[in-house]
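What follows is a group of structures, each given as structure tokens.
Both complexes below contain chain A, partnered by chain B and then by chain C.
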Partner chain A sequence: MTQGTSRFAAVRRRTGVWVLTGLMALLLSTAGRLAYVLKTDGERLAGLAERQQFKRIVLPARRGSIFDDRGRMLAGTRRVPDAFVDARLLFNLIESEHPDEGAREAAFRDWCDQVAVRLNLPGAKVAELIRQHSASSYVVLKRELDESEAAAILNLDDAFSRAVGVTPASARVYPLGSSMAHVVGFVGREGRGLEGIERRFDEMLRGTDGERRTTCTVSRGSLDLRLDGARDPADGRHVVLTTDAEIQRIVEEQLASAVEKFSAESAVGVVMDPRTGDVLALACVPTYDPNEPAGSPTAARRNRAITDPIEPGSCFKPFVGALALQEGFVSSRESINCHHGQHFFGARRVRDTHPQGYLDLKGIIVHSSNIGIGTIATRMPKEAMERFVRSFGFGAPTGIELPGESGGIVKPSSMWSGYSTVSHSFGQELAVTPLQLVTALCAMVNGGELPAPRIVRGVLNADGSVVEWSEGMNVVRRVLREDVASLFGEEILPAVVEDVQEGNLKSQKYTSLGKTGTAQVPYPNRPGYEPGAYVGSFLGAGPVGDARLAVIVMVRKPNPSKGYYGRTVAGPAVKAILEQSLEYLGVPPDRESKVGVRLTDLGG
Partner chain B sequence: MKTGRWLGAMLLLLGMGLGVIHLRTEQSRCAARILSSETERLRLRSELWAYQTGVARLRSPGAVRDRLARLEAQSRSGAGVEGSDASPGMTLTSR
Partner chain C sequence: MLNERSERAEGLTHGAWFIVVAGALTCIGLMIVASGSASLQRPLLGSEFLKTTFGRQCVFVAAGTGVMMLTAKAVGPWLLASRDRLRAAAWIGVVAAVVSLVSVKIFGDVTRGSQRWLKFSLGGFDIGFQPSELAKPVLIGFLALFLTRDGVDARSLRKTFIPVLGMIFCGGLLIGLEDLGTAALTCLVACLMVWIGGCSYRHLIALGVVSVLGLAALIWFEPYRMDRLWAHQNLWNDPQGKGYQGVQSLLTLGSGGWWGRGLGAGVQKYGYLPESRTDFVFAVLCEELGFVGGAVVVALFIAFIWLGVGAMRTARTGVETLLAFGLTALIGFQALINIAVVTVWIPTTGIPLPFISAGGSNYLVFSAMVGMLAAIGTRSAMNEVAVPNEISEES
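Entry: the complex of A and B
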């Protein structure tokens, strides 16, 4: 009995040892395998598990808006549904439903037609899209669905409806349409700014999407919210511009009318506040709709006011005249021989459109005498002329907050010919942008200080708190003495508007000043000028004595048979822009008040 | 006595189990409520954005001018002036 018991105990002990050894071996091999898998493939498998067990919910951030100076929204964001199809799932479903090849094709076509009708698209287009991306599980069929289209897709109920869906996506909206398109720019499909302010301030405007994680069921339904890794969306910042949508509308209307009336190729207009350097309007015609940028040619999307330098022509004379006066190369009362409209500077013959005899500085500017301003220029060393030109900011970008700005073309005086000083004096052999010209005019009408043009007033956080804000003038440098600036701003340039014979450029309400310019268009790829191709410009400001607005309008390649002089093609537009904009800004008419005083005097 | 003790222990364990289940259910319910609130917040945000861009369209100088021109034309014709799209249903009478 005792022997039997001890044998049984021994067997039990041996069995226990074997079982324990087996278990240990199993445990060790499992641990070993685990360590091996973790080392060799751990990251991938952890990712797989993560994707299987958790669902990521994206909380979209809103791209910041762009506003004008009066708080009108120029660019905003909204969520609109896109229709998509899971092409891989669709083909799998069709295959399992229809083993026969021919039936499969027919079923696919029928289904595409059904979806196409709901999306107001041609059936063939839908079929082609899906075929092109047959391996993809996310093929966008149509973006920015309206409510009825989205409902029609959601109500689709057939064997393959699981493969189609509607998902909300952010869409950039430009409520003003084509107005201010060259300033605001636009964003691409991926939400990146591609032009204008959208591009320059892309980083600030873009927000960061938020995220939530949930554990999920086999059918991807949310089970439980996970707090680890949760992140709130951070909306993008807003950008406030200095522009005013109403003044912009006035400018665009006038440019379009000038282009149509003179069958011109294009026109550019810029309005600035000379007291601050704020750009109030910047327009180019032809323009484009940033809501549909792909539908317009690339040329229409170019912001010509800052990217295309052109020869300024006679618009340049006041700047040379003012600096020559300031530096003592001419006095305001000196009479200069204008040789009755024709004169040789060395071997080069220069002509005037309106032949004159002797003229003083005012007469030279008013009659736009090339010979007169050229004669003054011959007294200047070429280094001085280059210094003058550059002091007004020509030849360097103004630094405006827009992408792609050109600095214009001002060659170093070491490269000039003997005739260059003369040709620079009437705006040839150099190229400037419309923005540079109007900025230089600001210095002439604000007492002599060159402002840094500004188009961004400030940046706001998503909650409206201020990040950056700028008002007042950023002075680049003083370019003119006050007495010289006031002579040009209050006497010489106003006389141009008063004396212009052809076309009435005098406003009935406001006093104004200005300078006309007509330049030939050079060939793009070779020296010389295109025959019959001109740029007619008018540079103006008003009211005289306390200029609130400085304006430039340039009309490129008008039909010469309809007119091409600056005073004809651009002058009336500047007059209308000044009159309407000053009225809109609530500036009291100064011409009417002068008439009023006179009537009172008569009455007295 | 022995059976009673076992029964007590079993009941205690059962109570604890049920308590845990209840807590877990409540937690899931709260998570679901948070999620649906988030979804609703998203929907409302989207709706707000749509309204804001809609208002911006109505406020654009071009649209204001169009409405003004329409109002002027209608008032000149002497007929009752239909309200603008900013104030649907409103009827102005020209004087």
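Entry: the complex of A and C
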């Protein structure tokens, strides 16, 4: 009990106490350091920690469908699963299962083969895919699995099956294929609408993806569901169009046969209801399959009915004639000298294809006399002509619910030459879209009101309840007095069909009206016209007196040796479209009696 | 001396308080280790309980508690009662430490680039033994004895200082081969003991210079240590690479904030923060219990050192004084360095937090150290006022 005491004094006990006190102070300062870190940097650090601990799970919204006016599905979404592999997890699992490296390769290949068999893929391809993205935790092996493939993957149960999975993905389908492709458009890989209604109404169709937030481990395993920011997906809305798939089919059929018959480059057709402005069909040939949009050239995907303005040519005469009559530049009985097919307006020589002497307004339209309509035009000031042109809606987009609409080209009259008024009168020096032409015709056959064309009937919620719905005509403005409209709609334009014997366009069942047009194709990048390049058009409507349909068909660059006049290349198509569509719509034939008589005659 | 008397009047002996504080830290540690052992793959309490870090820690804590009580009540007083016994025990310890330190270099398992572990299997229960853990208290005990030899002047260069220097150098070198952080810590505490033990100041300054130079040399010649220093300087330049550990430690602290996310609610332990149950357990503690929890732990360590101060002031003999100082300083510095590393104050070194970090051999060694401190505390109290305290201890 006494052994240590002799050296007791040598131990610096008090120094030791001070050293330990210092140590306590230092320890206290670590708490200070901790507080300092939290105070100065705490929020940033917490934010960074939050960012790495946080995982967003997107719950995709289902894209809305597109229907035609009668509820036929034009575009729909199918839920199809994708098969994917978590490559990182897979290699980790293999590594922990097989400590020696030699066995890993074999195990990997075996497993890839197993998965491949279930997906009907070659084993080597699966192995290669996984190897290429070995650091990724989401390697898509195959898209759009069918049910048996998905089930086979889900039933896979071995040591590594945790690494493979099936996620729901969506596939956009267009049940009618290429029909109405230019209206409906298509959707890209990432689910964005790239053309047509799909593009214009993309946001509405797409809906809003839902979201779940979870806290996760470093290997991205979810720990808990967070309540903040959780959102259910809101499925996209449905869009109902005014178009009718059956009328569309008829138009496409007629366009295709016209293109084939006249070896044309392309053709465009639009059908509208003049009473409402509803677009019933809008077709471009050649067309493309929105299910495989990449399989066709970009040019085939252009909706030329609204994007490509062209010179209207003689189709334009009735609009100028009607307003000239309404504003008193000409009377309906006045005889105008058509100079037997050749006349100089100033220095410009204008010719008629069918030389005539004196013609009244009706004759000028029926015989499509450039000299006649040009003579009327000389009586108008430039400003009046520009006003006429614009009042029918030319030079401005119609506002149809489709992307990329052109307004056409109408130069302001201040830039016109002395000859411009004349050339405008027979549809030169300006460019219009087929849709504008057919819309203008509607005003002529519906009593004089210019409708706003409409292609979207309404929008429905995902559950089918109506969000928006529109029927009836949206009147842009009254263009023609009723008497002028009925003169043109019931007398002058019907005569183009009824009275002209050459190239008979008379239907057996329905009375109809129309106007031909043949324009030359200007060079794309220099002044002047391409020789032998024409656009043959025909504007038509029927039945006369109570027009239910207005139609335009334009056939671009037909082989001139097979015909290029509008009456020849586009007329028969319009006739067939009118006849078949009116029949389909259940419009009673207004020429049945004649047919009946004829049958009786034959019988007798 | 009055202070100690009034403390003791509360009902616990000074020695017992050591055990209470260490026990509190151990309980906190177990809680955090349990939380850190949570896994998405399997339940914590299952058939493989003893293979989880928490299960193993429970075993170690149980064994450690036994060691602590045994040391405090029987082995400690028995050893302290006779200088010869202490000397014999120290020599046994020295031999065991040297043998194990050498053999770890030959047979040891390599973990993360360092050869630190001797592995044993006890009926299927794997134990990793880290010889440097044993070497620390052995060196301290040996120094305490050597500095208080009978009839030798502690100020003597030849008789005390040179041999002591040799001991520290050899011990430091042996430990340093395996674990630089532990070596530096041990040398630091050993040098402090030489100072407290009464050596000449001139010699001490020389020793300090030599130690610093040696440390610098070790850092210089082991490139991965340079990397650690570099990483500390430029933590945010390479948060995914060399700075990863430090950045994640800071994020863990930030994630917890002042009040913590709640016990068990930490996220950083799920793979983000490496060593989250051992060297960086303090960060996880702060994430779950916040600054408040961290401060409580720091306060407990300060309380432990305060107890050490008390034991030192009342120790009966020089060797007990030095032992109390050395053991307290070792535990205190280890806590200091660990927390400083976790709060990215100093570069990363592999120093566990006493009583809290999961680990087998270090917990057992700490238990023995606490037992020894308790024994010293109790003995000094008995010496001070004999009878009344015997009674209060019973009650």
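Going forward, the second predicted complex is superposed on the first by the 422 of 604 C-alpha atoms of A that agree within 3 Å, B and C clash if a C-alpha of one lies under 4 Å from a C-alpha of the other, contacts with A are read in each partner's own complex, and residues count from 1 in each chain.
Everything that follows uses one rule, which is that contacts are C-beta pairs under 8 Å (C-beta built on N, C-alpha and C of every residue); 3 or more make two chains touch, one makes a residue touch a chain.
Nothing here was measured: the structure is a model prediction, and the numbers come from that model.
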First (chain B), second (chain C), both or neither touched by A:Leu223: both
Partner chain(s) touched by A:Arg62 [first = chain B, second = chain C, both, neither]: first
A:Thr30 touches, of chain B and chain C: first, second, both or neither? second
Which superposed partner A:Lys562 touches (first chain B, second chain C, both, neither): neither
Partner chain in contact with A:Arg72 - chain B first, chain C second, else both or neither: first
First, second, both or neither for A:Arg249, with chain B first and chain C second: first
Comparing the two partners chain B and chain C, which touches a greater set of residues in chain A: C
Which superposed partner A:Gly177 touches (first chain B, second chain C, both, neither): first
Which superposed partner A:Pro168 touches (first chain B, second chain C, both, neither): first
Touched partner set for A:Arg351, first chain B, second chain C, both or neither: neither
Chain A positions touched by chain B in one structure and by chain C in the second: 223
In the complex with chain C, residue positions of chain A that touch it: 1, 3-8, 10-13, 15-17, 19-21, 23-24, 26-28, 30-31, 33-35, 37-38, 41-50, 52-53, 215-219, 221, 223
Residues of chain A touching chain B in the complex: 57, 59-60, 62, 65, 72-73, 76-79, 168, 173, 175-177, 179, 212, 214, 222-225, 245-246, 248-249
Residues on chain B engaged by chain A in the complex (per definition of touch): 27-28, 31-32, 34-35, 38, 42, 45-46, 49-50, 52-53, 55-57, 59-62, 65
Contact footprint of chain A on chain C as seen in their complex: 40, 81, 83, 147-155, 192, 195-198, 250-255, 257-258, 267-268, 270-272, 286, 291, 294-295, 298-299, 301-302, 305-306, 308-309, 312-313, 316-322, 325, 328-329, 332-333, 335-336, 339-340, 343-345
